[in-house]
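Common to both upcoming complexes is subunit A, partnered first by subunit B, then by subunit C.
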Partner chain A sequence: MRKLLSIVAALSIAATLPYTADASPDQDLKEMRAYFKKRFPKVPFQDYANGVYALDAESRAQWESIEDFPPYEMSVDNGKKLFNTPFKNGKTYASCFPNDGIGIVQNYPLFDKASGEVITVEHAINMCRESNGEKPLKYKKGDIADIAAYMAYTSRGKKLKVVVPNDPRALAIYERGKQHFFAKRGQLNLACADCHVSSAGMHVRADLLSPMLGHVTHFPVYRSAWGELGTLHRRYGGCNEQVRAKAYDAQGPEYTALEYYESYMSNGLVLNGPGSRK
Partner chain B sequence: MANTIKVRAKLAGDVTTVKALVSHPMETGLVKDKKTGQLIPAHFIQEVTCEHNGNNVLTALWGVAISKNPYLSFRFKGAKVGDKLTLRWVDNTGKSDAEETVID
Partner chain C sequence: MRQPLSILSSAASAAALLGALILAPTTVTAAEEAKAASVVDQGKEIAFDRKKGNCLSCHAIAGGDLPGDIGPPLVAMQARFPDKAKLRAQIWDATSANPNSMMPPFGRHKIISDDEIDKVVEFIYTL
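After this line comes the complex of A and B, so read on.
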């Protein structure tokens, strides 16, 4: 463990992290892309949506055979059923979303000018429920993941296009997410960037570290470790706990900002949710 | 009974590879319900059979070691494209389900 930490520490200092304070989102995106292009010259851009399976042939072969009978299929079916079941007042989720909620996930998280907030898919689902007199769902797993999985499934093939408008409120949330990504935290004193930028493609015990490019495209995700589907914020919490930091609340301001930043950085990648991972 | 079996069979050369995903809780009977503190009763598939042209090509005797929503894959010889295959399971409560597929 100490050896791993010292390697990570050395790399953090040695490698130039693509972090420029006060840069525009567009600049950040260009820098991050250039970093990964240099780091993994043989990986085609669109393949980053497959995470570690773009980097390792053996685990890719295993993953492809799992995709023969994707473990998330039953969740998508359940999600479709939940999505089409009317609320007590007779309306359905379709009434809350453009295009009846089909094929729209590529626009999320989106910045809402009226409220000045960034809205994620899961948050939008609960906003829909509450405005129709239903109780909100819990944010990490269960029905919310199934509904989000169905919506992600209908959005497959669409290119992620998260907008960070030239609005100080949106830029502030973006910056907050970027700060979270690069800030060290927890007893292990690691930043998201330490593993997912500097050490991307390397091992941490028996697991491969995924590059941050393409992180969000395949969520919600069926994680073998969970034995079920979970949302992005569930993974954020788990990851923070893994560096022995206290997890923030799912759909709280911290993880929403982080999702905003990470999603913007993956713009242009083709959505492939829900996904299956180790 | 709702359909719990997804099955596909593919012929390559003279070997047919059958892959199936079965939806089943596969409860071991040793796990306690978090809310009530009571043991969740054992509910698991005991036998899986596969029939091809009236012949049994697989009998699998399962137990609690098989996880929830099990995935099964096996190969056998002697089939042609277009043949019918039936996969069936029976669990310890006596419930069962079966699904037919065509080899391609």
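After this line comes the complex of A and C, so read on.
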């Protein structure tokens, strides 16, 4: 049954969507921006970092009062503690990152020229652990989300600046993410773009749909639906399951590519992670 | 195999004949109406069920709470679809009329059965 439910329909892309096959990342970015500017002329660009709350004054007020006593505060504290606790070999996470890991999240996901891979923050955390003889952490939630939350917290106020260099390996990963975003999938035959581009600002039942711009700026996120902090790839998995498709592995090539594409589209937005959402 | 079948069918037609003899024509109509009404009710249940049609996630429908607004409100369906087959086709596979439709292809992807789609069509046609 599971197999049957995860049928991925052939790519099918709306003409009105800001999608052009084989466009350069920069061209894609311009089209996406122009689309949302036309769609929501009153929403200032920086407001997209606030997700659905950029579009709805009523839920925004509720959200702002939640942010007065942020539900992710303890996670940030725990993340800081973990970040500064030496590994068995005496080194800390700081030794693995530029600027000791402080205020650097705006550069992720990062294309690594040496390996030809795109590295997310969570992946970099585990690479650091493994190179220091520690076991990798489980992705999606728990300690890894707390450490990423601390790193995001130290990067608040920085503008996202993800780079897709003119390297065929980087461009291929970007393209893969873009295809994933626009491809219809699952038994319900819905693309990310169906909900977060074409229908952004509309409701599925009572749920308002967020624009894709700003999807990545506030992760990891404390969701009241989860009652805890979770990573971006955990959210991606949830959205894939909603359309009755099988979720891909957190930090697998599919979601890393998706994050790369989504992040590039959000370049220039001010980071405000970790965040809280419904 | 043939024999039991023909026995069955002759038994069935005998029962039908018997039924027709016993029931007055007016009561037959009332029974048919009741049956049609129950098909409409079942269609409504399937349309509203989150695990089945879940049509309310995108469409406002009379009698349903907290509808979404991605698709148009489902009203005046007989006027909008004089041809009932076209309405069924929209529900069976919305992407055949509009390849980019947001509406899930309920029949093509076997989200609900053909029989369930027929019932949903009967319900939607009363709107």
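Just so we're on the same page, the second predicted complex is superposed on the first by the 263 of 278 C-alpha atoms of A that agree within 3 Å, B and C clash if a C-alpha of one lies under 4 Å from a C-alpha of the other, contacts with A are read in each partner's own complex, and residues count from 1 in each chain.
Here, a residue touches a chain if its C-beta (ideal position, glycine included) is under 8 Å from a C-beta of that chain, and two chains touch if they have at least 3 such contacts.
Every value quoted in this text rests on a predicted model; they were computed, and no experiment measured them.
Enquirer: Where does A:132 make contact in the superposed view: on subunit B (first), on subunit C (second), on both, or on neither?
Expert: In the superposed model, A:132 contacts neither subunit B nor subunit C.
Enquirer: Between subunit B and subunit C, whom does A:95 touch in the aligned arrangement: first, second, both, or neither?
Expert: neither
Enquirer: Report for A:46: first if it touches subunit B alone, second if subunit C alone, otherwise both or neither.
Expert: neither
Enquirer: Tell me which partner A:267 touches in the superposition: subunit B (first), subunit C (second), both or neither.
Expert: neither
Enquirer: A:69 contacts which: subunit B (first), subunit C (second), both, neither?
Expert: First partner only.
Enquirer: With both structures fitted on chain A, tell me whether subunit B or subunit C touches more of subunit A's residues.
Expert: Larger number of subunit A residues touched: C.
Enquirer: Is A:179 touching anything from subunit B or subunit C once the two structures are fitted on A? First, second, both or neither.
Expert: In the superposition, A:179 contacts neither subunit B nor subunit C.
Enquirer: May I ask you to decide whether A:227 touches subunit B, subunit C, both, or neither, giving the answer as first, second, both or neither?
Expert: In the superposition, A:227 touches subunit B alone.
Enquirer: Would you tell me the residues on subunit A in contact with subunit B in one complex that are also in contact with subunit C in the other?
Expert: none
Enquirer: Within their complex, state which residues of subunit C touch subunit A.
Expert: 56-58, 66-70, 95, 99-100, 102, 104-105, 109-111
Enquirer: Where on subunit B does subunit A make contact in their complex?
Expert: Against subunit A, subunit B makes touches at 6, 8, 19-21, 23, 67-69, 71.
Enquirer: Show me the residue ranges of subunit A that touch subunit C in the complex, using the header's touch definition.
Expert: Counting only subunit A, the residues touching subunit C are 4, 7, 12-15, 17, 187-190, 194, 198-199, 202-207.
Enquirer: Across the complex, what residues on subunit A touch subunit B?
Expert: 68-69, 71, 73-74, 227
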